[in-house]
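The structure that follows is given in the form of structure tokens.
Chain lettering (A, B, C and D) follows the sequence in which the chains are written, and residue indices restart at 1 in each chain.
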Amino acid sequence: MAEFEPKIVAFVCNWCTYAGADLTGTSRIKYASNVRIIRFPCTGRIDYMLLLKAFDEGADGIIVSGCHPNDCHYTSGNFHARRRWIMFRSLCNFTGIDTNRIKFSWVSAAEGAKWADIVNATVKSIRELGPYTEYKKVAKYPEKEVNHG
Amino acid sequence: MVDLIKRAKELIESSSVKVVIGYEQGTGNKTRALFVENSEDADKLIFDSRCIQNLAAYITKKEIKEKGKMAVAATLPVMRSIIQLASEFQVTDANILVLGITPESKLIEFGNLAEVEKFVHQYEIEIDVRNKEMLDKLEKMTQPERWQFWIDELAPCFKCYACRAACPMCYCSRCTVDFNQPQWIPVPSTELGNLEWHIMRAIHLTGRCIDCDACYNACPLSIPINLLTKRMLLDAKEHFGGYQPALKGEHLMSTYKPDDKENFIQ
Amino acid sequence: MSKIGVFVCHCGENISATVDCAKVAETAGNWDGVTFSVDYKYMCSDPGQSLIKNAITEKGLTGVVVASCSPRMHEPTFRKACAEAGLNPFMCEMANLREHCSWVHEKGEATTEKAIDLVRILVEKVKYNHELTSIKVPVTKTALVIGGGIAGIQASLDIANTGHKVILIEKDPSIGGHMSQLSETFPTLDCSQCILTPRMVEVAQHPNITLYTYAELESLEGFIGNFKAKIRKKSKSIDEKLCTGCAQCTTKCPVKKIPSEFNEGLGKRTAIYVPFPQAVPNKPVIDRKNCTYYIKGKCKVCEIVCPTGAIRFDQEDQIVEVEIGAIVIATGFTVKQPDFFPEYGYGKHADVITGLQFERLASASGPTLGEIRRPSDGKVPEKIVFLACAGSRDPAKGIPYCSKICCMYIAKHAMLYQHKVHGGKSYVFYMDIRAGGKQYEEFVRRAIEDDGVNYIRGRVSKIYEKNGKLIVSGVDTLLNAMPVEIEADMVVLATAGVANEGAEELAQKLHISYDPYKFFAEAHPKLKPVETNTAGIFLAGACQAPRDIPESVAMASGAAVKVAGLFSKDELTREPIIAVVNRQAPPVYSSCVGCFLCVSACPYQAIEKEEIKNRNGEVIKSVAKVNPGLCQGCGTCVAFCRTKSIDIQGYTHEQMYTEVMALLNEY
Amino acid sequence: MTLGFYPGCSLKGSSREYAESVLAVAKAFDIDLEEIHDWNCCGATAAHNMNKELSLALPARILSLAEKQGLTEIVVPCAACYSRLTVTKHELAKDPELKIAVTDANNLPYTGSVNVLNIIQMLDKYITPVLAGKVVKPFDHKVACYYGCLLVRPHEILNFDREEDPQSLDVLMLKAGATPIDWAFKTECCGAGLSVSRTSSVGRLSGKIIGDAKDRGAETIIVACPMCHSNLDMRRDSINEYLGEKVDIPVLYITQAIGIALGLDRKALGLQRHFVKVSV
């Protein structure tokens, strides 16, 4: 059987992590191709509902990443985001959503190598966890069978 | 509650307020909200330990607000709700008079919301023992067990939104569930839709919920959805030192501290 | 129905080496709403852009997705091309196939699959794009310069000379800053005041410069081109218009023993004082903390002696509101004091002084009139020791960085000492000699070779006093780490240059970032050294990091050019990536319920209250409103709003939701 | 009241007079010092250069024993022992894995609940507040308080006094009626590590300390560390050789000086055990 290839969605801010991932590219650092980046202006814009939607639609893992504290292009968007993440993650944990599948990180525009490391580490850990069948089971309407494979 | 009836009559007769919101005997052994608009109705006012409905849920209702200034027979949770609503610009001294009922069932009339705030701040919001035990029990479960617990608990929910209607903080004219461009939350009461609805509600109440249990009391299926907000209450305390509704308070989730601590961001 | 064009770029072989570009274009061509798709070798080249323009006009495209490099690279290029072909530029999106795909993955099906996914996300997004118009904002052509040291002076003069107005504020009673305290300057040994004071006078007399001394920034709001600043003019307790600077008051003031800030505590001043004789403006202020009248309620000697009746004991602070278009921050730095160093006696030895104090001793205008005399008893030191890196490059002291200016000024100090005290002996303890700069290394060699300064490579562990001497106990690492003890008469510490007290507070007022040491952060360490991350705010001099005079001046001129560039336009265009609170038909007006929690979430104070009124002028509803001039488009409010009443153009709910859906659903 | 007591090896051997004076002073204030049963070496000097885990396991065992004995606060008069015990508490508190390893090695539970006091802290906490009333014979001498290296360092762990120019002994002696002098060698190395192997180096290092104290008119040197004491007292011949003169300033433990001020029996304070005759 072929190795399980997890679907990973990355929600990143435009100014730090998106630029950091650009740097990974210009530095030609290779990383796993399972991740798809969605660009936001700021981590402050990332709606927690979108994270849930990603799981709904079949993501096996999620990366959320932005500027390091004090480095936010908008001064404090990431501080607001951090506070929300703390509460959201705790609520996920409480409702039994697997928080091991959501990786939060700070990746600056200068941390191309760190971006590759984050992606690789996430892909590795999600691969070990396997497909998020638990969520998928309830996500699709009953008539649709989840097919993985 | 002779005092309450007497005061309600005076207020209505003197036209100081247009409506007094309190409790009356309902069907069976239940009490229900009473809206006193003339002095005869005031005789129906009662107050006892069964009066747990959060009357603050009515004060943001258009139909009530239109009547003019209101007085509310407010227990501690109701007073907390009023302060929180005031901090969110939903109620002001101009449109409310608080007839406070202390935890000792004494009537105190407050001159203004600042006095209510002062009174409310004497008491900390505390989660009762039974729910605390439940929270501990859930905490000790494994993640898949907790998942199953909630999937099972929420399975019977048919999205009647009684929880939303009973909650004083759910005064939004358009709730996220009513938003359909995009359709954030699936309309049918599927397992997923139920879960998302309750997660969303808990997040929206984080930093605002004053733990009155109105949602749980209103739920026709007695789903323990109040555990979600209770958990958020405890987490707010653990991570950010907790919160109290305050007229000029800093709202927990729309503010931050540069040194907020977490241990999961890499 | 959307008509979308997909343009897949090979980028030479940068993309096509690992991604099957033809397959990407072909697959995209089959999607709903895609009416045209093509791959091409260089999409950013002229023929490539023509390809896009032609497709727009010929196929009547309503949206364009260019799948090529990072939007951070070529988004402006392709948006411009679309605009030239008559398509609203904001209907163009870019899929990042190069930096995020071809360069980071091996050749293979998975890589092409990912490329297809990346294109699809943007194709679905662009279906929900709206035509947007860039925002035009006017520019107020007045600059605010904060700090009147050499950097602030240079920046003010440079901007003023381009014909624009400048408001210069300085917290002390006189401009001049640290440079006015210096004796001579390296590497030429020309007199600091001789080169500085003409500039100070020029500032005071320049028709385009308004100078507020004894003034600080109270608050700032607004954005590039349109700032509003409140300036607190601290009360000087005199009427500046009447004061002639005759100095009767400063001569007669009975409180004469206040340590002079200008002389770094080595000299004294009066309670009503002018910091130094060449001060600009040359008018006194009353130091209320030390004035007998303010402490005890009587005295008023100054009022009695003042020939013009200029003393105003009841004068209050004044708040001046100004409108400005750009800001140059030139607030400088400060140095650590000896009491920061336990190993050097917590500041208890009077003859252990800072480099800045030595400047005052060596200065002809200083307390000793330029003779090197030690503070404790006024004796000329026969042996003097200079310690480089006092605090600097010492992580244990929390200052791991190099203060940069000390190597040079220590060489200068030692040289000045040797010139002034014939037969005197001077020693320098150093870690490295960092003399990178024009004529700098030569200058240090001169100190060592011509003037006989003894350089000892090693650190000092302790300074203590014994029999009237300061025992400097250190090590010589070039002599096999032999302990060295020098019985000195005076020790000069090159204490670390650090950020000003209050730098953090100022940064928060200005919404700019700062580094861990509270120095203000430049926007890019190499390519944007004078810009901050806040548009329209620039940096000059040592507020950004320790800087010497030539560097501070160069930075100031650089910042001035940035300001002049900004002022060369009558209006600025900004991307319309801003938040908007929805408005609906009555009776709803808006789904906003007016809880205003978004107000505190907004980093820019861009959210205001709007009252919706009926025909009779009665307020029906209070709702949030985003000020498009202030909003910078972070979207923090959008994710926060419970009723989803705020949305952000370019990253709307629908767009972001669609992107997630497009990514994960099978097509 | 009762406090735990960890004497360590020095107080049982070369510096018996330190132990005697500590116990005598404690007794004068009705403080019962309860020795930790079955205590072991703290591992000073050698262990931390050889094996980190062992160097922490040794002091951890002492602390575990104290816990077992129900002690909440222990007095550790020897500066080296104090340093090792405090460092161990710090290291184990910040590294839970290490704590498990060490607990396993000792096969004794360790919670880190025992408060460790050096002699100055103990005096400060329990004796200073009531000292004035009990002084019968003020210690009216010029004293040089010598802290040595271990008592105040590393500051970030011990968080006690200031690491350069410390003050706590001076303040205590001032209260006992003495005049502490301001001098330069309070924390200078006495050469303890070379005490046996290179006595000539000790002569030079300790010589500088004694020399400065003498030059500034000290009549007594006050210490709170057995190593400091043995170097400054026992090695006086080498010191005098280095100084080229005979210096006979006595070196007293802080508890001896306080004992004298309290009018305790000189023999109970062990004053007769010194090499340099205690003439004060």
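Worth a mention:
In this text, a residue touches a chain if its C-beta (ideal position, glycine included) is under 8 Å from a C-beta of that chain, and two chains touch if they have at least 3 such contacts.
Remember, it's a predicted structure, so these values are computed and weren't measured experimentally.
The interface with the greater count of contacting C-beta pairs, when C-D is set against B-C, is B-C. Taking each chain's centre as the mean of its C-alpha atoms, the one that lies farthest from the centre of chain B is D. The mean-CA centres of chain B and chain D are about 62 angstrom from one another, to the nearest whole unit.
With centres set at the average Cα position, the gap from chain C to chain D is 52 Å.
Centre-to-centre separation of chain B and chain C, using mean CA positions: 47 Å.
Chain centres here are Cα averages; for chain A and chain C they lie 33 Å apart. Along chain C, residues 601, 640, 653, 657 each make contact with two or more other chains.
Of all residues in chain B, those touching 2 or more other chains are 176, 184, 253-255, listed in ascending order. For chain D, the set of residues touching two or more other chains is empty. Every pair of chains meeting the contact definition is listed here: A-B, A-C, B-C, C-D. Considering their complex, residues 138, 143-151, 176, 184, 188, 190-192, 195-196, 198-200, 202-203, 206, 228, 231-232, 235-236, 239-240, 253-258, 260, 262, 264-266 of chain B touch chain A. If you check the complex, the residues on chain A that touch chain B are 48-49, 52-53, 56, 69-70, 76, 79-80, 82-99, 103-106, 118, 134, 138-139, 141-142. By the touch rule above, chain A contacts chain C in their complex via residues 5, 7, 9, 18-19, 21-26, 28-31, 33, 36-42, 44-48, 50, 53-54, 57-59, 70-77, 80-81, 84, 116.
Every residue of chain B that touches chain C in the complex is listed here, in rising order: 88-90, 171-176, 179, 181-182, 184, 204, 250-251, 253-255. Within the complex formed with chain C, the chain D residues making contact are 162-165, 184-185, 212, 215.
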